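For reference, chains read A, B, C and D in written order, and residue numbers begin at 1 within each chain.
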């Protein structure tokens, strides 16, 4: 007897290390929200979001900015009385939303994708390459400040102008492709 | 000579007959198992009915059956019924086997053919097994009329009084200097709010004066030998350094003692006591005890103030611990609980920030006989709080600490809210996950406190901090929490925080359990014989548990268990002797090689080793019949009555239908 | 000379070059050799998991595998890298299926991982492997009177590894007292600095930084000591942003714990990369100087 | 993956009188259904399990043996189920040496309350053994009527 695929199951399947996370054990006690340093910037508190997942409100959950506002500081995870790794849950939701292409509006997804693409290209992270993935979404004034900061950092010798590449880059990229088919544009 | 076996297959109305073709089964047994000794096989609507039982009795008398197998429900239900029936007909009850074709066949299977086949196999297993059954006599052991109660809290007090009033002698052992337990520390009791001490102390005094009670305070059980009806218990009476024969309890020694130390037992660390002290005014017995490790005389060899001023020369610095042994028939374990230590939750600030109290500390704080004379004030000793936060579920319902619910914290916290309201008129916030008030007039009490205007905020407190983020938070304790009912993050500044810490098994519960041969659950509470039908007995005959040792519970439930345990023991004492199921292991000395492998295997130390003859022997009354030693004995010298190798091996053959023609068995197996 | 497989992480080649210098200098003084893993790759920080869980493990595993090959404990000075490495290593150890899956990818790079090597943060190496005892012997210029706010950050202490105190750890304080400095008690020492949000949710991040600086200042700290390049950059580079945003006037120097240790060991500031910061460390350097002249 | 579809394994289950046997009862009372391939033997405790019982069962035609007992820490005889655990691991090795798939032996903890769980474990194990196919031991070929049990009665 195959139970139908609820949203919480879908998400559960996206959490390998935390064995699907015991989301259903949530007591709705709210210690996660009370602990969260970013909660004021979330449309729904972590507790509410877990409740919504349980209620199978898939679209509302995915539309929420909550999981993209998670700083993955794991404060909630260590305090959850039900042993739910909430930070990991937020990661799972991020994955899900990237796959479903939700949230063109936010910087988060673009940043993550850009980041990974960069890694696949060079094997190292390197701000100057990374910047274009998110800067376009900045307001003009912010852009200006970014540039300012960058130049001072360069002067301080804290921002090299050339990216480092891996020596074994080819192997590295083949390795990555074994896991996911991104970085084909190489 | 071969056995004459009677087989009886029960329809249990349609419960069995609905799925299993009972007629076929009985016919099959009659024909296929004939050469295994089955002389008669019947099926009947209700074997357990008096008519059904008479059927068996008649056959035993007329056909001279030597063995009986009944295929019906679970042996846990009717084994005794049919065994008594056999007994009435003059057949040793242990020559009757009951095999379950209801719980384990008709109720769990749907395919009639397969179910019938399995029923036949199960029956054949029973037949093979019963052939090897031996006539057994139930063991009878005399019951010593005296009893031991361990723990002088309200559970132990209740048990002791019930037994003593019943005219039996009781030894009540308490490791603290006075009886009374946690209840003596409380101020009011929920939901009736009667003063804890006022209802407890009369009982304590009764215990003190009762002719049938030997009160052994400042004492601990060190060794338990023997078995139900005949325990031999070694008790260490710790040196009091006060000769209780001479002491009048006048208290001058306490007065004169120049040294004070923090009292972290009775006053929960909220006040100091002298080094020679009487734990609290109403203590029973009312003799002081000298705390040697802290005593100046024991440290420096001078002082002796207490001795100098004692009018009756009762102080005795040379007193030594004394070991005594008592014989008892039954034991009640009522050793209570420990309070969860909130230091384990650093984010709640306990021990780091001022004015954060545990539930027990608060009980002392608002207790008229407590450090502040019952004034609810901040640590400075004068200022009453304007706002108080009460945090529920501290250390309970939390996988990081204790997963279980401590049962009493909700009511306790609501009680605190009322007391604070009554005495200070402060603003009160209760922070809860769920409110649990399952008791007589508990919910009404909750309503009353709601009515008093206490705020109930649904949310598990994230942290308690002194770091202000706004002017109105300055100098306060800030409780950070999500108000889950309105979905808002709140920072609530308060003057005082009370942490309703959960209940935990005693730190040494495991060792104590070992001492008495009883086991702890994963949570650490003692395991009862049956969670619903026998919550006060344990798997060790003659050892009972009462109160919080069995799990968190409130005072009424605790008292009820104390009384229940006493009643159970009373009954046993009345019988004078008790009969034990003769399922026991025994060692054939000729086969025993004296390897002693079995010795350490036995959790009830029922196996003793005779150095002289280099053989081991099993004490039938101590043995609980688990059979581990039987399975382990390399020489096969140990046999278990009721579960012998022969019986089990034969049953295996029966179940696999080795006992009948192969072609046939194939058909049945398929 | 005890050896470690050293994984600096990307930032130590750019934003946190000084951290790298300090780490190597101080380790040498303590008789440790940090032999850098050759041709390591980025561990993905917090940006891989949102894309693919297994990819994240694989990229971390590549570095771990190289470390395993060297037969040395894996040590990193970055909280993010540390958390990724520690748990990936643990998962691979516990879960043969995962290990198999990951190894099938590692084959492409002729690597294989068992998950057998130990993963440590540099500060743990100092406090537990070397020991405060040993460190104190190397202190030539104790930083008397220097009030340091130890900042653990998130991923150094969380998630919980094995029952350690994640709410109120003490070892950083102990280390600071050992080098003669004065660790200050302040509320937010393990609170999040919002590092992973600074790009994606700037306001949230700045708010967290603000709270943190607020507490540090309130506790009269001369300097904040960090154990992570991300935290450091966040607290230092973005201090100006916070001031602009909240009208505050913070100018708290933020230093790497190894830089501060280095000063106490009498290592020349420039060797420790001091001088590259945007918020001048002058106030705290005064303490170090006093010592050097006296 | 079962090569012979008509094959129905026969499984002997050893149960503890205090937990798993009662769990089986619970399953009955709750009318939880499971395959009829398993036949239970009641012991007082999983600690009573003599390794020869398992070997005997397999030698006499059982295709699999299930050992059940109280959860660790819950043993009604304090700690005897740990001994069962030890013997289980030992038996696994013995079976492997004898060339019998160790998968034919399984250990399951079940408290008296876990009827449904135990039933599910029954089905799971039955399917596992079904997948392994019939156990054909040389000893099994010459099954005879004369077992110790018989001789005694004859005598």
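Just so we're on the same page, a contact is a pair of C-beta atoms (placed from the backbone, for glycine too) under 8 Å apart; a residue touches a chain by one contact, two chains touch by 3 or more.
Predicted model only: the values in this text are computed from it and were never measured.
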Query raised in the report: Is the number of contacting C-beta pairs greater for A-B or for B-C?
Result: A-B
Report task. Select the chain at the greatest separation from chain D, using centres from the mean of Cα atoms. Result -> C
Report task. Please compute the C-alpha centroid of chain C, do the same for chain D, then give the distance between them in whole Å. Result -> 54
Requested in this report: Return the distance between the CA-based centres of chain A and chain D, expressed in whole Å.
Outcome: 49
Query raised in the report: Approximately how many whole Å separate the CA-defined centres of chain B and chain C?
Result: 50
Query raised in the report: At which residue positions does chain B touch at least two other chains?
Result: 347
Report task. Can you tell me which residues of chain C touch two or more of the remaining chains? Result -> 167, 211
Query - Sites on chain A at which at least two other chains make contact - result: 40, 78
Report summary line: Residue positions on chain B within touch of chain C in the complex are 345-347, 352, 465-467, 469
**Report entry** chain B to chain A touching residues, read off their complex
**Finding:** 347, 397-400, 433-434, 458-463, 480-484, 487, 489
Query raised in the report: What residues on chain C touch chain A, complex-wise?
Result: 10-11, 13-18, 39, 41-42, 44-55, 58-59, 62, 87, 91, 98, 104-106, 108-110, 154-155, 158-160, 166-167, 191-192, 194-197, 199-205, 207-208, 211, 237, 240-241, 276-278
Query raised in the report: In the complex formed with chain B, which residues of chain C make contact?
Result: 165, 167-168, 187-188, 211, 215, 218
Report summary line: In their shared complex, chain D is touched by residues of chain B numbered 2-3, 36-37, 74-76, 100, 102-105, 107-111, 114-115, 117-118, 121-122, 125, 128, 131-132, 514, 517-522, 527, 539, 583, 601, 603-604, 624-628, 630-632, 640, 642-643, 645-646, 648-653, 655-656, 658-659, 662, 669-670
